[in-house]
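Take a look at the structures below.
Two complexes are shown next, each including chain A; its partner changes from chain B in the first to chain C in the second.
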Partner chain A sequence: MGMTKADRRMDGWADGAALLALLLLSAYPPIRLSAQDTTAGRAVYEKWCAGCHGETGAGDGPAAGTMLPRPRDFTGAIYQIRTTASGQLPTDDDLRLAIDRGLPGTAMPGWKDQLSERDRRDVLAYLKTFSAFFADTTQRPEPLVFGKEPGGGTSVDALRIGRQFYDSIGCRKCHGDRGRGDGPSAPTLKDDAGFPVFAANLTENWRFNGGSEVADIYRRLRSGLDGTPMPSFSDLIDQQFLTEAELWRLAQYVRSLSPARPPEVRDVIHARQVAARLPTSPDDSVWGRVERYWVPLVGQVMRKSRWFTPAASGVWVQAVHDGQQLALRVSWDDRSQSPDSAWLEFTDRVLETVARDDSTPPAPTPWPDQLAVQFPLAIPEGFERPFFLMGAATRPVYQWRWTSTPGGVREDSLSAAVAGLARGIDRFDPLPGTPLSAQAVYDQGEWRVVFSRSLATADTANQLHLRTGRAIPVAFFAWDGSNGETGTRMAVSTWYFLALDTPVRAQVFVSPILAAALALGLGLTLVRRAQRPRSQIRRRSDA
Partner chain B sequence: MRKLGMAAAALAGLVAVGVAGRAGDAAQVGGTITGKVKFTGTKPVMRRIDMSEEAACKAKHPTAPTAETVVVNANGTLANVFVYVKAGLPAGYRAPAAPPPVVLDQDGCRYHPHVFGLMVGQTLQIKNSDGILHNIKAKGTKNRPFNISQPTNMTTPRTFSAPEVMVTLECNVHGWMNAYVGVLPHPFSAVSGADGSFTIRGLPPGTYTIEAWHERYGAQTATVTVAGTETKTADFTFAAK
Partner chain C sequence: MNGIRAAIRHPFWQALAILVIAFVAIEFGIPVLPDSADVPASVVLQYMVTVLVGVLIYVSDNEQRWTQFREPIRAVLVEPRLTPVRWSLLAAVPALVGWVAYGQVATRVEAPPILRSIHPAPPAEITFRSRPMTLTGLENPLRAVRDSLPDFVGEGKRIYYQNCLPCHGDHLDGQGHFAPGFNPLPANFQDDGTIAQLTESFVFWRIAKGGPGLPREGAPWNSAMPAWEDFLTEREIWAVILFLYEQTGRRPRTWEKTGDGHD
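Let's turn to the complex of A and B:
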C-alpha cells in the first residue's frame, strides 16, 4: 500500500524528497513494532526482572546489593555469554538462552518454566531498548563460525596437548595451576564496573555460567567473557599461534578438570571400618580409596550479619574408623591460603560490594580460613536434632573447629583444631584438653584437613560418644578469610548423617541362604500337604 | 549512459578525496595552540608496583617501578595530560583520512604511551614486546569493548568507531597496567610530555574549546581563538588533591 502510494508520488516529487520518504517508510514499521513489543516486555520486566536488574536496567535493583556477581547492567549492552566475537553484541538467540536456562553459579534462574514464550520474547525485546547499541544498524552480531570438536577428547594425548596450551596461553595466571581459580593474578581481578570477580574454579563445571560442556568452554575461549578479565583467544588462531583443533584440546582439558557428572548429594556419609591403621595425614594414600561425599554449602542468611556470597560451594567429606578411632577428612576449594595480605584489597572490595546489615561495615582484616564440623551432644533417639545453625544456649552442639592460624580460635590454643560447645551462632566454648587432633595441608587452591578422635569419650556430658551402626547427625561450616568471612559471615550446610559402618559378619551371608532353604523346604511340605488331601478327595469322589 | 554517470561519480569521488587530502595538508600549516601543564601542591607518592611475579618485566626496570597515575616532571609540570579540541571546528569541517597507525607497546609490563589520542577508524597496533601473557581490555561507553589475549610477542590491530574521551585500556594479568586513549573525530590532540608542554598543530581558523584531561585530576577547559598560521598559548594548572 505505502509503496504504491510512494511510487505514484515519486513521479511528481523531487528525487531527494522521494528518497527521504522511502527512508522514512522503511524505518517506520520496525519502530512501530518495537514500540508495541516493548510495552508488553516492559510489564514483564518490571514484574520479574527489575527486582535485581533495576527499573532502568542498570543492574541495581533492590536485591542487587546481596549478589556477587552482580546482576547484568543492560545499559552498556555488554554480555558475558555470547556466540559472537569479543566486543560484539549478543545475538537474540544468546539472550534467549540466558533467559530460558539462567546462568549457573549466579543468582539468575532459568525462566523457561516460569514465563510464557511470548513473555520471554517480549522481555528480550525490552532488554534491548536499554542500550542504543541494539538500535545501531552498523552493529550486526553474527555468531562465530568454527569447526566441530575433534574426537578423542578424553585420551591422554588430547589432554596432554590441552594442558600444554593451558600453560602456554597463560590460563594458570588467573585460574591457577590446577584450575581452582587461585592464580597469582586472581586477587586483583575486577569487572568493568570495578566489582570483585573470581577467576572461575575450573574444577566445578556445573557452576560455569556459560555451560558445562566442551563446546560451551570452547565458545567462551573464542568469544571471551565481555565485561570481565577473561579475554577472547580467537586472534591467536588468526595469528597462527595455535590451531582451532588445539584450542578444542584446551577446552577438552578444561572439561577434564571437573567430574564427569555434577556431584550427587547423599544424606548419609558412610565411614567404613578398616583393619589397617587409620590415615591421619591429609595426603595419606588411603584417602584415595575412601568414598567421597559432597556436602553443598550456602551462605548464612538467617542471623545478622548475613552472608549471601560465600566462597566455598561445598566440601568433600571422607571418613573411616577402626572401631576405636575415627578419621574424618574434609577437602574444599579455597582460592587463598588465608590470611594472605595479597588478598586484602580483594577482601575490601568484597565487603564494599556486598550489602551487609551491620551497623558499621567491618574493616578488612587478614582473617584466617576456618572449618567447623558439628554434631549433637548425644546421638538423638528420634528425629529431633538441635538447631542446625550452631545450636542454642539451652541446647548446645558439639563442634570441632579448625583454623588456618593456630591460636586464632583461642589465644592459648596450641592445636589448630579444638573441640568445644557452640551455644548459638555467636558463642563457642572450647573444651580444653580434648583428645582431638587435626592435620591440614593447603595445596594449589584446596584445603585438606583430617580430624581424628577416639570414638568413645569419658566426658559424655560435653562430648559426643561416637557409636557404630547409628545415624549420627553432622553438619559443616566453612569460612574463607580472604572473602571477608568471619563470625556469622560464613558458608553453612544443613544436617547430614555420619554412619560408622561395621564389617558385615559371616552370619549375614549365611542367614539368607538358610532362610531360603528353610522357606523352600516349608514350601515343598506345604505343597505336598495341599496336594495330598486333594488327591484323597478326588479318590474319594472317584469311589 | 549509466556507465558514463558512474564513471563521473567515481571521478567526483576521487576529486573529493583529493580535496580532502589537500585540506589535510593545508591543515598542517594552519594555526597552532601550545602550552604547559603546571602542577601545584604536594606531589603525591605513587605506590610501588611489585613485579616479582614477572621476572621478564622486573628485569626491565633498574629501579622499582611506581604507579603512573600522577607523573610530575622535574620542572614541576604534569605529564600525561591529554589536551584536545573539544569543540569549535568549523561547520562542514572534514577530517583527513586516518593517519598512520599508532603503536601501543607493552614493554616491561607497562603501556607505552600511557595516554594518547587516536582518530576514529585509525588503526591501533597493540604490540607485546614482553613475550609473556598480556590481555588487553578496552572499556568505553560509546565504543564496543574488546578483550584480547597476547601470550607471546605479537601485534594485534584494533580500531574504535566512535569519538570518546577516554576509552581505558587495561591488562588483568597485571592489575597495575592501564592506558587511556582519547578517540576523536579529528587529529587535533596532544599529550603533555616530560617537560609538561603540548602542541596542537594545523588548526583551521576558529574559536576552540580546548580541554585538558588528567586521569586523577579531571578536566579543565580553555577557549582559544586562532587565525591563519598564528600560534596561541594556553596553559593549564592542576592542583594536588
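Let's turn to the complex of A and C:
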C-alpha cells in the first residue's frame, strides 16, 4: 500500500504506546478494569452458580426444581434482600452480603470461605450483566437512611406497642396471630413469577432470609421484599400513620417471637421421672416446666418419590415418665390444619413447582397432617440398629402414627393414633388393640400431640419395652398435607435417643458431700494454723 | 492508680493474671483461630495445670518473690479486715469441690459412641441392576472417550445439581441445606480424605449402593445416602463421578500397575 517508511515507524510507535498504556492500565487501576471485564466473573458463575441460577441467570438451573424459594432470577433485577427503597435496585454491598453470607432458610450458602475475594467480586460484576437495569449508571441505588434502634426493645411496653402495629398494619393477615405464617391470606400467596410463597414463620428467626436480628427485621419492613407479597412500610411513615420509633417497636416485637438463640441440636432427649400425675393433655401446665429438645427435619430424598421441600423444619420434643407410663409431647409449626380445602390451590402450586420422580403430577387432595415417632422393636444391645428410614422388610421398626382428622380436633381424637410396624417406607402394619393413646390440639399454626403408653408391654415380640436408664433410639417424621405431603413425600429425621432418667440415688450424694466436707476441714485447719501467733509456732518447732 | 501499678508488680496478682489470660486464650482464643475448634475440657485442664506449674516455679524461684507471693494469701487467712473474704472462700471452695465431685459420680444416659468405618473395604464384585460387575481394576469407561469428556462432565453436572445438591452442597463440601438433618454428615468431596484418596470404582460402588449397601462396620442403618442404582443409569453415575473430580480439581486414585516389573 502507500505506506512510507516514516508511517511505518509511526505505526510501530503507536503500537508500542498502546501496549504500554495497556500494561499500565492493567497494573494500575485493577478494580475498575475488573469491574468492566466480566469474563473472569462469567467463569466463576458458570462453575459455581449456574447449577441453580441457570446459564442465562433466569433462576432455572437444573437444581431449581428442588428448591422453594426458587433460586433468584437475575434477569429481572428484582431482589428481596436490599437496603434500598422498594422498587429500587440493590446496592453492590447488598449483593456482596448475599454472596458472602448466603441467605438463611434457603438453599443459598455463604461463599465467603469458599471463593476468593477476587472471584466473589468478579461474579458480582457478572451477575449484574444479566439485567439492563444495572447498566444505567445514572441511577445509583442508595441505601435507605434511618436512625438507630431505640433502646428498651424487650420491655413490656415496647412489645405492647409493637404488637399494636402488628395488628393495625395487617401483619397477621399473612403471618398469623402468633407469627407462624398461618394467617388467613397465607394460602393465596405467590411471588411475581407465580411460584408459591410462604409467609415467613416469625418464630424461627434463624431462617429469616435477610438476617435474624432487630435491625435486619426493621430493614425488611422499610425496604419490603420486592417480588413477593411482602410490602415496604416506609410509605406509612411518610403518611404519618406511624413513626420510625413505632416501626422499630414492631421489629422488636417480631424479634421477640423467636427464642434468644437458635435451637441447639442434642443427641439425647431426657425424660425426667415425676411423682405427680403424668400430663396426657397437650395443654397441661406441666409441659411448661419440661425441657424441650429440637429435632431438625429435612426432606425424604432417599426413596421414590422423593420430596425436596418439606414444610416442617423440625419438631420440639418433650418427655416425662412416672416409672409406669411415658408421656411424650411433640410440637411443630404447621401453617394449616389439614385437611383443609382452602389450601388445595396452594397444594397444587407446590406440586407443580417442585421436582418429582413421577412423570404425572399427583392430583392435589386435601391430605391430612401426620406425625410418626419411631423406635426399634427392642433396645439394641450393640451398636446395630434398624434402618432409620422406617426399617426394612426383614428388620421392621415400631412406630406411633398420628393423623389429623377432618373438621378439626374432636373429642374422639384419641383414636387418631395407632402403633404399628413399619417394614420399609411404603409398608405400615397397625397392631390392633395396642394401649397407645394420643391427644392433639391445633393452635394458631402449631400442632401439639401427646402420646402416652405404659413402659412395659406384654407383646415384646412386636412392641418396644421401654426401660429406664438406657439410650433408646428414636426418630421423627412429619407430613404437612397442605404442602402436598403424603406417603413418601415427608420430612424426616435420623436416629436420636430417648433416655428415661431415674431420680438420683441417695448414694450418689455421699462422695460429693464427703469431698466438700474434707475441703472445708482443710480450709479451717489452714486458717487456724495461720492465725496461731508466730511465737507459738516457733516454740513448737524448736521443741 | 498507684494501687494498680503496685498490683501489676506484685507476684501474686501477676500469677493470677497469667492464669486468667491463659484460660481465656485456651477457652475462647483458640476456637476463633482459622481451622480450629473448641478445646475439650480435659485438654483445657491439662494446659491449665501446666501453666499453674510454670507459675509456681516462677514465683518460688527466689526467696523474696516467694514471700511476697504468699503475702496476700496469708492476709486472707489472718487479717481481721478480710474476714468476709475468708468466710466466702471457706464456703465457695468446698462447694466447688462438691459440685465437681458430683459431676464425676452422677451418671447420665449418653448417646452410644459411633463406631463407624468411613471407608470400609469395597467388595470385589457387585450386582448393578441385576448385572454382575467387577470392581477390582475397574476404570471410568467415559475417560476413554476423550473428545466427549466436556459433554460427560456437563451431563454429570446436571445430574449432580438435580440429585446430590441438597446434601452435598453447591460447593461439594457436604454442606448442603439438608446436611444438618443427617448423621453421619454427607461426604465432603473437597476434603483430602474422600474422593481424592479413592479409586473411581470405589466411588461408583458407594454411589450405586448408597447407605443400604454398606457393610455392617459402615453402620448402614444411619446413612441417608440413597442407593442411586434405583435412580441413575451406569453411564449417569460415571458422568457424575467425572464431574466430582473435575469440579473439585482432584485426581482419582488409580489402580497400581502390575506385571510391568516394578510395583
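To be clear about the criterion, the second predicted complex is superposed on the first by the 464 of 543 C-alpha atoms of A that agree within 3 Å, B and C clash if a C-alpha of one lies under 4 Å from a C-alpha of the other, contacts with A are read in each partner's own complex, and residues count from 1 in each chain.
Just so it is clear, contacts are C-beta pairs under 8 Å (C-beta built on N, C-alpha and C of every residue); 3 or more make two chains touch, one makes a residue touch a chain.
Not measured: the values here are computed from a predicted model.
Peer 1: Looking at chain A, does chain C or chain B touch more of its residues?
Peer 2: Of chain B and chain C, more residues of chain A lie in contact with C.
Peer 1: Classify the contacts of A:M230 with the two partner chains as first (chain B alone), second (chain C alone), both, or neither.
Peer 2: It touches chain B, and chain C stays clear.
Peer 1: Output check: A:V145 vs chain B and chain C. Expected answer is one of first, second, both, neither. What do you get?
Peer 2: A:V145 contacts neither chain B nor chain C.
Peer 1: Have a look at where A:P386 lands relative to chain B and chain C in the superposition and call it first, second, both or neither.
Peer 2: second
Peer 1: Check whether A:A458 is in contact with chain B, with chain C, with both or with neither, and answer first, second, both or neither.
Peer 2: Touch status of A:A458: no partner.
Peer 1: Determine, under the contact definition given at the top, whether A:T66 touches first (chain B), second (chain C), both, or neither.
Peer 2: Only chain C is touched by A:T66; chain B is not.
Peer 1: Which parts of chain A are in contact with chain B and also with chain C?
Peer 2: Common interface on chain A, chain B vs chain C: nothing in common.
Peer 1: Flag every residue of chain A that touches chain C in the complex, lowest number first.
Peer 2: 47-48, 51-52, 61-63, 65-66, 106-107, 109, 111, 114, 265, 267-268, 270, 296-299, 301-304, 308, 355, 357, 383-389, 469-471, 492-495, 497, 499, 501, 504, 508-509, 511-520, 523-524, 526-527, 530-531
Peer 1: Looking at the complex, which residues from chain C come into contact with chain A?
Peer 2: Spelled out, the residues of chain C in touch with chain A are 74, 77-78, 86, 89-90, 93-95, 97-102, 105-106, 108-115, 157-158, 160-162, 165-167, 169-171, 173, 175-178, 180-183, 210-212, 216, 219-222, 224-226, 230-231, 247.
Peer 1: Over in the complex, which chain B residues touch chain A? Could you list them?
Peer 2: My answer: residues 53, 132-133, 135-139, 141, 144-152, 154, 156, 161, 172-175.
Peer 1: Touching chain B in the complex: which residues of chain A?
Peer 2: 76, 78, 86-89, 133, 138-139, 168-170, 173-174, 184-185, 188-190, 192, 224-233, 235-236, 239, 241
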